[in-house]
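Two complexes are shown next, each including chain A; its partner changes from chain B in the first to chain C in the second.
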Partner chain A sequence: MNAFKNFRREAGLFLRSRTPIAALGLLCILVTIAVLLGQAEVLRQQASIDRVQELDSIEREAALAGAPDFGDAAYAAFFLTWNPPSDSAFLAMGQRDISPWMLRVRALALEGQIHETDNFNPELSLTGRFDYAFVIAFLLPLFAIVVMYDMVSAERDAGRIPLLAASVGNVRKLWIIRAAVRMSGLLLACLLPLWLIGIFIGTSAGSLLSVSLIVVAALLVWSAFILLFSFQSWSSPVIATSLMGVWLMLAIIIPLGGKLLVDRVIPDVDGAQISLLQRESVNDAWDIPKAATMERFYVSHPEWANTPPVTLPFHWKWFYAFQQVGDESAAELSSAYRAAIAQRDRLTGWISLVSPPVAVQRVMQHVAGTDVQASLAYDQRIRAFHERLRRYYYPFLFNEMPYRRELLTDIPEFASNE
Partner chain B sequence: MMTAQDATPDKNPALIAGPALKVSNLHVSRNGREVLSDLSFSVASGEVFALLGGNGAGKSTTLLTCIGLLPPSRGDVFVLGTSPSQDPEVVRRSLAYLSETATLYEHLSARENLRYFLDLAGNNASAAAIDEALDTVGLQPEARDQRTGSFSKGMRQKVAIALAILRETPVLLLDEPTSGLDPVAVEEFNQLLNTLRNRGVAVLMVTHDLFGACEVATRVGLLRDGRLVASFSATEDRNGGRAHIDVDTVRRAFSAPEAV
Partner chain C sequence: MTQAMKIAAGEWTYVLRSRLAVWTLGILVALVAVSALNSDAQLRAEATTRAEYQRQADEAYRAQPDRHPHRMVHYGHYVFRTPAPLAVLDPGVDSFTGRSIFLEGHRRNTATFSEARETSVLTRFGSVSPAFSLQVLAPLLLILIGFSSVARERERGILLQLLAQGTSGSALICGKAIALAGVAALALLPLLVSGIWLAITHPAELRPLAMVLAGHAAYLAFWVGAIVAVSALASSTRSALIVLIGAWVLLTVLVPRLATDVAASVLPTPNQAEIDIRLQAELRAVGDSHNINDPGFQSFQQQVLEQYGVSSIEELPVNYRGLVSLQGEAESSAVMDRLMAEQHALQRGQSGVMKWFALVSPYIAIRHLSMSSAGTDLLNHQQFLDAAEAHRFNLIQGLNTIHAEELDYADDSARSRDQDAEQRTRVNSEFWSHLQEFDFTGTAPAQRAVSALTLLIALLLWLTASIIMLRSATARVSTL
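Then we have the complex of A and B:
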């Protein structure tokens, strides 16, 4: 009861201060804008997926209906794969800004198809998106500094501490209550728009709760820094400048230094190199004896080794064999590419231990299903689906069956949760 | 049987029965320099003790140590028998403090400031009591709901004095209370201090205003380089008037190079 009364008294005093209240209002507006922008992007992505799904089946049906043979059918029929946004993806777009979340594939060599979009959105990969995770990771600390940095020093500069001490008895308790009031204001500004909009658009309570806990944790960490500096007997400008220095170090310098370290320790594999290697292999196949290509293909697909040899200048089974051999040529590089991404992600995880903003973004992206792991998982789902697709066509191609549309009854279809 | 450890100041009736404020062989250092050196004095209930001293003599340090905001390196302070180093909360609830600059919250009105600081002290003074205190200090009714940021120093000081009255504490600490007040306000303040003294409040006032101190105090102490170098008590007027301290005597002692 007493604690509530004390909290209410200090909240009343705080609400009369113009600058911190204006700062909280601005934070609330930024959070609202970030959440709405994120949701708008999610809706755009979901609408794109829905629209392309609809057109995809229509176009595929037309391609299959008009195909003269199974090779042509496999060549012309695209299949949509997609990675749907989770119900909390709007909070942290993460890898969805720089990695594909929708890809149409066909039974040709896969690596070229997967890495075709690697340079799809380089400007967003550089600057990041203004989403909720960005606001909490990078802007919330600045607002916390504005609201809390002079909690003690302003009283000291005004010469009010003796009066406060003589009135309250335990000044330390007063600082704790005042810190709690300010933190509550910051939390309210960050969480109220999130919950209101989140509930309105149907975000699960679990996701909202998880994200709220991340916000609380981030605020606790930054508040600890701010209070540590606030209790020093420094002037308000010195405290503010020092805290800005801490923010600069933790939010800019360490992440930048970390990026340089990651680049140096685990060099990035260029996705375009994989495409190039795979395409060179495919192109070379036109100039080498067909038997050599088929021999390589049969090593990984011995079940087709006993089918008739290719004698014609062009045969679909040879065509699809060299597509697969092309993928196999690039397999090592492709695997290294994914391993490097995973290693870089792990190292970034270690760096996030000394950079709260990086940690906040990573955890939020994990909750939102937009982190590197989610992106790699989608990549794996595409590969698994592509293999099912290829292997579906192989019996028609290698057994040299005459084309009939009605034979293609159980064509594999991508499921986003496969 | 009571042991030495049981005889804590706040529980020892013998100590509580003594002076309301007792400063005993106090040594306080700030930034490596000894500001107070072996300072001893006491203030009884119903007594106004004025500590006179120049800049840097240690006047404000004495008050801050009494509140418990500065720890003594040696010696101690007792407020109603309790040392702030042992139980600052109990000590602070027993005293009210009035600073030179009347450090109110400028974005709050006079009434809001009083309400806030009284709430802080756990005092549930009624609105009528607040108005009565503001009447006592002579703050105009139309000013009471204005932001104190627009107040003159004298008006702010009146609000701070009203707070001290409303706190109804047995000990009152005043830091240069009449600094910046106009003569009328000083006269009103002196009358108020007499009222509080008559109610039995023990008042410790630090000031460099020789005349003001002699006018209102029942005892004056001279503080120089953190040491109490002389003290003077009020004596009865020959004509049976109010007890007072002779200004000339104090001035001579104040100007003397050595302690009196």
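Then we have the complex of A and C:
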């Protein structure tokens, strides 16, 4: 009961101090802006997906309608794949302004298609977005420093410590309560707008809860640093500059050092090699005996091995067979490329243990479904869909059926939860 | 002046005696130097790899066997972007753009494989580069060193003492500013050294180099002035620190990101998928140049027959299929170029919106000044894409010309059904050795420097503002 009364008294005192209250107000506004901007971007992306889905099916219909045979139909018909933003994607844009979340593919060799970049303005990607994860990872610690750094030293500079000791008895308890009041204020500024807007736009309670936990954890870590410094017998400015030094170290220097480390430890597999290899294989097919290509294809697709040999200089089944053989010959390099990305991501995870801002961003991106793993999962979904698509065409091509549009009724379509 | 120098010397002694300040100073200089050395090593490696890939791709192309020329159209070619020399100082957007483009017939591909995917969480706040160290970190470290320069003297009562002893207010402010400018100059030193090195190895880059140096000098001078002025105007060291850190967060962290969101909201760009669909719909109107009977080429056929004065395509002295390929590529390229030019203009528009924020934040001014001088901005990337497209068009039309002039129409028409005809449509591999080398230079260095002038003016405006602040700080100190 006594503790509660003390808390109320401290809260009252705190509410009357100008700078910290202004800081909390500003933080609250920034959080609101970040959430709203993030949500606006999510809505834009969703609208874009809806619009392109419609355009895509119209365009595909036109392509299929004009095709003379199945080979041409498969060549001309593109299929949209997309990675929809989750209900909490507004929290952290993550990979969604660097790696594509919409890609059109057709039944040709996938390695020639899947590495395309989207039409992102690199000058905008360079700056990055002002999203909730950014506010919590980088700005919340700065605000915490402003609100809490002189909790002790201000009293000491004013010579009030003996007086406080006399009036409350236990000064340590007072500091705990004072810290609790200020942390609650910070927490409120970060979570209140999030919950209000989050509930309004229909974010799942699970996501909101996990995000809130991240915020609490980040605040606890930073408060620990701040308290550690603020109990030193230094002057207020020295405490503040030292804390800024800590922030600089954890938020900027360690991540950049981590980047250098990642580059050294896991050199990136050069993507250009994949497309070069795939293209050589695909094009060599025109110059080597048809049977050589077909035999390689039949190893992975024995169900077609009994179809007649290709005798003409051109046959669609041979064309699609060498597309697939091209993918197969680049498969090893391509999975090494993805493995390297995943490995780099894991090492980044280790680095995040010593950098709270990196950890906050990673975990938030995970909750938001915008992290590297989510982008690799989308990559996998595209691959699965592409496989379904090309296998769908094989019966028409290998059985040499005459083209009728109506035969392509159950043509596979991408499902984002594939 | 001697008074000011004395004050400056005193401030330096103070800075050197404070452990925190010495550490900060050390970190600052080390950061700029390490990032310059690291970018240098990385760019060298990168340039070697790219050049090697380009050589391999050229060699592979030249080594192709006797083939139908349209096979080569689909075999295509790769071009690689080698980093600009000044990317050592400012890598700009390089890690966010694709590094290679596949050039083939009928399509204008996007650049593939950007580096950013791989370690984005670590580098979202900035890159390991001298530009980032100087533009974002240096101001913060200068704040940590200089926020107390005047406020401290006032709090300890030394300020009144100094003034009573006859030190003028302007000498005091000047001295403090000179001392902090010395720290800033130390931070600039690694940039200057690598700048001189680059000027020796790439003499053509002298003017943009001077621009980058001048820009950073003006930018840091702005901060020096602002820091000393705030320190003199603030009621206490504590409030000086809070105000300065607030300003730093606002100008280098908040405004740029808000500017990004504003630019993306004001001028939204469509995704590649949407552009491709629009493109395909338009290309359908052009027609499929693989099929000479495509309705899109009916009037072209008429025109060719009239031009050669013959009544059927079999009588033409050239291979009509090759002519259709030439015509189809020309028409489809025109459509693609128009759509891409639209998209490029839209993206430049977004960057233009961002640049207006140079009036809100000097950081935006120096960042864009530095990127565009170094040739690592959006514009340069677009020029790379356009140069690759021009190269593609020439390559493909060269092949289509061979298709039209070297092949027999009857053989060409029968090649999918007749093995012998197919053999006769393969032209001598000698043709592939005429491959032109891809040589991308981008905007001329001198012009890059000129185009950054408006941003330099913006920076000078900021510098003026900080000088005005210093003057009012002087007036305030003198009236104590």
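The definition used in the following text is that the second predicted complex is superposed on the first by the 405 of 418 C-alpha atoms of A that agree within 3 Å, B and C clash if a C-alpha of one lies under 4 Å from a C-alpha of the other, contacts with A are read in each partner's own complex, and residues count from 1 in each chain.
As a working rule, contacts are C-beta pairs under 8 Å (C-beta built on N, C-alpha and C of every residue); 3 or more make two chains touch, one makes a residue touch a chain.
For clarity, every value in this text was computed on a predicted model and none was experimentally measured.
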{"item": "Joint occupancy of chain A by chain B and chain C, clash or fit", "value": "fit"}
{"item": "Which of chain B and chain C A:Val215 touches, first, second, both or neither", "value": "neither"}
{"item": "Touching partner for A:Met183 - first (chain B), second (chain C), both, neither", "value": "neither"}
{"item": "Greater residue coverage of chain A in the superposed arrangement, chain B or chain C", "value": "C"}
{"item": "Which of chain B and chain C A:Ala109 touches, first, second, both or neither", "value": "neither"}
{"item": "Partner chain(s) touched by A:Ala89 [first = chain B, second = chain C, both, neither]", "value": "neither"}
{"item": "Touched partner set for A:Val372, first chain B, second chain C, both or neither", "value": "second"}
{"item": "First (chain B), second (chain C), both or neither touched by A:Asp268", "value": "second"}
{"item": "Shortest CA-CA distance between chain B and chain C [superposed frame, angstrom]", "value": "13"}
{"item": "Doubly contacted chain A residues - partners chain C and chain B", "value": "none"}
{"item": "List of chain A residues in touch with chain B within their complex", "value": "5, 9, 12-13, 16-18, 158-170, 174"}
{"item": "Complex interface listing, chain C residues touching chain A", "value": "20, 23-24, 27, 31, 38, 42, 49, 53, 56-57, 60, 65, 67, 71, 74-76, 78, 80, 92-93, 96-100, 102, 109-128, 136-137, 140-141, 144, 147-148, 237-239, 241-242, 245, 249, 253-254, 256-261, 263-265, 268-278, 280-281, 284, 343, 347, 350-351, 354, 371, 377-378, 381, 415-419, 422"}
{"item": "In the complex, chain A residues that touch chain C", "value": "19, 30, 33, 37, 40-41, 44, 48, 51-52, 55-56, 59, 62-63, 66, 78, 80, 94-95, 98-100, 102-104, 112, 115-130, 134, 138-139, 142, 146, 150, 236-238, 240-242, 244-245, 248, 251-253, 255-256, 258-260, 262-263, 268, 270-272, 275-276, 279-280, 283, 286-287, 312-314, 340-341, 344, 348, 351-352, 357-358, 361-362, 365, 372, 375"}
{"item": "Chain A-facing residues of chain B, complex", "value": "63-64, 67-69, 88-90, 92-93, 95-101, 103, 105, 107-108, 112, 116-117, 119-121, 160, 167, 173, 175"}
